[in-house]
Amino acid sequence: MANSMEDARARRIAEYLHSTEGVTKTFGLVMEGAGLGWAKCSMVVKESMTNGHKVCHGGVLFSLADNAFAWACNSRNVIAFAQSASISFIAPAKIGEKVTAHAQEEANEGRTGIYTVKITAEDGRTIAVFQGLSRTAGGKVVAE
Amino acid sequence: MANSMEDARARRIAEYLHSTEGVTKTFGLVMEGAGLGWAKCSMVVKESMTNGHKVCHGGVLFSLADNAFAWACNSRNVIAFAQSASISFIAPAKIGEKVTAHAQEEANEGRTGIYTVKITAEDGRTIAVFQGLSRTAGGKVVAE
Amino acid sequence: MANSMEDARARRIAEYLHSTEGVTKTFGLVMEGAGLGWAKCSMVVKESMTNGHKVCHGGVLFSLADNAFAWACNSRNVIAFAQSASISFIAPAKIGEKVTAHAQEEANEGRTGIYTVKITAEDGRTIAVFQGLSRTAGGKVVAE
Amino acid sequence: MANSMEDARARRIAEYLHSTEGVTKTFGLVMEGAGLGWAKCSMVVKESMTNGHKVCHGGVLFSLADNAFAWACNSRNVIAFAQSASISFIAPAKIGEKVTAHAQEEANEGRTGIYTVKITAEDGRTIAVFQGLSRTAGGKVVAE
């Protein structure tokens, strides 16, 4: 299968997952692009996503990263789940800011995959860096 | 200061943070209890919190844990922020299930604190385990 | 099987693993106790374990925690491996100090286990807190 | 300061740290290269580095990654320490294999830095992926 076909399928997978995720509306997630082993997801920080310090809640940033991770780790059309993840926070994201999570595959071996997801703001600030471990469960995400 | 006074203040801090957090309504978070170095936060999983597999999104579970962690790491009335966190997922949480995050201080030294947060369902299943690293920024959370 | 029998077997497993681990001599690891879902492992910090700041290297502390984790996650006599782990460092461990890692099971479901390991010094200081995710591979550790 | 001068200083810092680390001999660590925000460190897996399954101990792999991370996060000549780190293991490293850790800066803001470290074997297999959070303490690593 040509690379462009794999990328097209990965994009179709991200679109499919995006359409079925209950959090899509909750966080206003936008699918910014996807291909084999990678995906980009963005959102605009809203009041409903803040913590007690009135900046974006760490859990909402994690959700954004986790979503890009999910699209990327399912991009080979084998259903995969997050097993564990870690995140380091480096700068706050303010209300009104658009933040984008870019997930990139680091390794993929047997049933295990490792992904780095970087969240950046429009001015180029890195907001957080996430690392996720996925495990495939078998079954296809979309029909081929 | 007696322990009961510290616990009462910790409870007041959790109530204050809870009242100012933008995610309170988004996730329907309930403050289930708080004291010096610990806090409990619950929510009921709703359709708006699901991933593409129609179980609770990992980011929403992380948010629940992160919120209990925030209350616990601010419980000494010194403003503190999450620096990094990791989470391991062990069982899915279904729509309609009530899940509770229990944050407990493991260590607290200088400006750094480490907390374990366990998320459990009502039937006793462990859903996820979270570990957070906090750093104090100075300043009080509530007036004394 | 009575609890005391399970604990005795867990102790036998830790002793067996301890006897086969190549790092036992490298770090001077001591098995301080083990039972179902828990284990304790100690070492004395030596010059050969230091980083450039002449305190115990973070990787050596991780090794100590990882070793207690390995004994604990194999304690049910099903061969298990570490899949991922995270560690937060809170205080340095000095040359000559005895440090002990205490691994405790947080959750155990299907093939997945989650463990918290706390490293403490003899004066009670917490040195680091570790969280590990294990996965069973099948097969027994010791004959029954 | 030109980029090449910063890279030369980073290399001098890695060489200095390498010469003072107590674990250098313990693990047979080799400095394979360093520049501003990155470093490479290798070792050959020996019997003294194995776990009970006779493959490289997870803690020793973590140590290798942590060492490359230390060189990279000190590469701006401001003393920095690891605060937290996470690692995901994807394939075992066997006795006799040379494994190399490549640390790369993901973000650097104020006193905080985030680094990804990938450990690979000579045949190209990814062995583990590590993410570290550093914090500067002030003071220079080497004289300028």
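Each chain carries a letter (A, B, C and D) given by its place in the written order, and its residues are counted from 1.
In this section, contacts are C-beta pairs under 8 Å (C-beta built on N, C-alpha and C of every residue); 3 or more make two chains touch, one makes a residue touch a chain.
Please read all numbers here as calculations on a predicted model, not as lab measurements.
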item	value
Interface with more contacting C-beta pairs, comparing A-B to B-C	A-B
Relative orientation of copies subunit A and subunit D, as a Cα rotation angle in degrees, nearest 5	180
Interchain centroid distance [CA atoms averaged], subunit B/subunit C, Å	27
Geometric centre distance via CA averages, subunit D-subunit B, whole Å	33
Where subunit A and subunit B are represented by their mean Cα positions, the distance between them in whole Å	23
For subunit D, residues that touch 2 or more chains besides their own	83-84, 86, 88, 112, 133
Touching residues (chain side subunit D, partner subunit C) in the complex	16-18, 20-23, 25-26, 46-54, 57-60, 62-67, 70, 74, 79, 81-89
In the complex, subunit C residues that touch subunit B	84, 86, 88, 90-91, 106-107, 109, 112, 114, 116, 118, 125-126, 129, 131, 133
Subunit B-facing residues of subunit D, complex	83-84, 86, 112, 133
